[in-house]
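Across the two complexes that follow, chain A remains constant while its partner is chain B and subsequently chain C.
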Partner chain A sequence: MSDIFEKVKAIVIEQLGVEADEVRMEASFEDLNADSLDIVELVMALEEEFDIEIPDEDAEKIKTIGQAVDYIKQNK
Partner chain B sequence: MAGLRDVGFWGTGSYLPEKIMTNKDMESLVATSDEWIRTRTGIRERRIAAPEQATSDLAVEAGRRALENAGVAPEEIDMVIVGSCAFDMFLPATACLVADRLGARRAAAFDLETACTSFIYGAAIASQFIATGMYEKVLVIGAEVMSRILDFTDRNTCVLFGDGAGAAVLGPVPAGQGIRSIHLGADGSGGKALSIPAGGTRMPVSEQTLKDRSHYVKMNGKEVYKFAVKAMDDASTIALEKAGWQPEDLDFLVPHQANQRIIDSAVKKLGIDPSRVEVNVDRYGNMSAASLPVALDEAVRAGKINAGDRIILVGFGAGLTWGSMAIQWAQRP
Partner chain C sequence: MKLPELRIGHLVAKVPIVQGGMAIRVSTAPLAAAVANQGGIGVIAITGMTVDEIRREIRLARQLSSGIIGVNCLFAAREFATLVKTAIEEGIDLVISGAGFSRDMFQWGKESGTPIVPIVSSARLAKIAKKMGAAAVVVEGKEAGGHLGTDESMKKIVPEVVAAVDLPVIAAGGIIDGRDIVDAFKLGAQGVQMATRFVASDESGAAPEFKEVYLKATHDDVVLIDSPVGLPGRGLKNPFWHKMENGEDIKPRSCNNCLKECTRRFCIVEALDRAQKGDMERGLVFSGEYVERIKDVLPVKTIFERLLQEVEACD
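The block that comes next holds the complex of A and B.
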């Protein structure tokens, strides 16, 4: 498991208040009971942590933890 | 600063129209649900002004109550500032009408429009006149009849706002008390995110603007949400730092009431206990310029804010604008 995954996991746990074992690569934000505003704040936290900008068009396509990790890898 | 007086809040007041509009009532106007509104915003109901009430009518009531609470007669007021984004009319200034109705005959009067941040901007301006000794007592009012500028066919905006007015009398307080820091900001590059495009000189009212409903509030909710979460956090932190306080020094937080979710996010970042945060968005929705002074008034009257307490007022709004103020609450002289 990558370093990026661990950081994303920590942010997801903090932002969504979910258990660590729920945060798997294939888990979707919907599975984690995140609504659109949770996702906005999650994206903001990821942007801050990884010092990147995630445009809304891109953010809309990120549906799972794995997709978030891949996106960060490609854009960091 | 040498020679400057400290300034505080002598009294507060508020006025809410009687008519309540619940989320259920909203369901009959637009495709929405009580559940959606509650989970996304925390709003349960809002107040709606009576057809014959304009912004000045709400402002006068709130102003009168603040004067009473401060023990100040209207003739003693040196300046009246009315903050709003929904004035009675373009001309004259609503503040002139309000000063007249209150009997504040000696007062200078003007309107101020920094949307939801208007009360903080107004209190900041008032404090400078008092600090320098030019004025003794200034009445600052935030008043809105949002229901007249909302598009009740647009579910993205109409469910969020409500009508009301809040006011405060500011005056000198003993040295070392009152307002400890002020922070104000603006960024017009985000102006489009929340605007009333038509009805001004850029796009005067025409058949087309009426058809497009562009004389009503238009908003990009997500953009404003992102801005708001960041602005609340940044502005509170700056107010704390400028006052030389640590987050744990804070006794009470009075945030702008746009959305419970935005308040929750700020509260979490500041690390303040939610029981020490004033919330009225559930009952009144976002009353723009009126939200903060109403929240302040209700917190003071409920005994949640007492002399010596360290509090922060923080808000954000269209413009985009933001502002914060650290106050060591002073006993009324």
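The block that comes next holds the complex of A and C.
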């Protein structure tokens, strides 16, 4: 779990250019100032990192870092 | 100038003109088939249609033309996946998507061998599209009619996209005559998508009243509307627009949740549907920025002949 969080965190920092301490489980992508394209790119990076497929419908439901981590945990 | 063919995946259009998809029911089988018969790419707008209607429209278009027929669907539609998959099942030649970005559709395209062409408004999204497997991109600028993804001119974005991705680039927004087509090609486009010009054709699904409003429109009539989809939309001033401006209650009486997200300020499907049927009081008339340059309603064949003559007359 923490391992997944750390990997997600690293990707979020790189993709969104935010500070490490902003990337908390409860932080939403909106809080992190991600626009719709940022989110598409982020989801693509997560798919690559964790070797999973995140369909549109699921991706639309992922609004926070915590939800992304949970999704990856459940679908890996 | 002589226009080259337009290649999208395995498809080859003799004339590199795509007729832009226009919901609700402004571009249906008769218009798409007429464009395909001229060697262009005809597009049926399937947003707001039922599955049965999509099947009927595609079959009708196939009866009317053996040319290239595509569908256009807005990703913002809740039923996007069902609608697009239905069109693919019917053997549609290509899928063009607007208002949002689906990643899943590229997989459906791969499985069925259907070229997928997203509408993009930036080099950044074009790069994502390329990575996902797009066969081409439509680059739409702020001059376009309907929902807009940018406030920048097509003339600025097209060269940026051409430089960023190795894909056929189809320029859209504000292309009315042959000179505009030549200008777009000079910017590096390999095709153009035109919609407003085709609204004012005999074959379009817009009511005669809708076409009449187009012929009378001046530059000052063209406005941006705050669409409940969450994007600005380009259209024309009319009584419905005045109501919106005056903050009158135009909230929908009923709702079937047709959009993934909707502000519910008014019902966009109902407003567009009314306009298509000729209710110029309560309908919302989408239109491109340069509608004032259209002076006549013509058969698609004549529109093509004129465009090609105008193109030929340019260097």
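Keep this in mind: the second predicted complex is superposed on the first by the 75 of 76 C-alpha atoms of A that agree within 3 Å, B and C clash if a C-alpha of one lies under 4 Å from a C-alpha of the other, contacts with A are read in each partner's own complex, and residues count from 1 in each chain.
Operating definition for what follows: contacts are C-beta pairs under 8 Å (C-beta built on N, C-alpha and C of every residue); 3 or more make two chains touch, one makes a residue touch a chain.
Since this is a predicted model, take the numbers as computed values, not measurements.
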Which partner does A:Gln74 contact after superposing on A: first (chain B), second (chain C), both, neither? neither
Using the touch criterion from the header, give the chain among chain B and chain C with more contacted residues in chain A. C
A:Asp56 contacts which: chain B (first), chain C (second), both, neither? both
Is A:Asp35 in contact with chain B, with chain C, with both, or with neither (first, second, both, neither)? first
Following superposition on chain A, which residues of chain A contact chain B and also contact chain C? 36-37, 40-41, 44, 56
Could you pull out which chain A residues touch chain C in their complex? 36-37, 40-41, 43-44, 55-57, 59-60
Under the touch definition given earlier, write down the residues of chain C that touch chain A in their complex. 81, 100-104, 122, 124-125, 128, 131, 260
Chain B-facing residues of chain A, complex: 35-37, 40-41, 44, 56
Show which residues of chain B lie in contact with chain A when the two form their complex. 39-40, 222, 225-226, 229-230, 261, 265
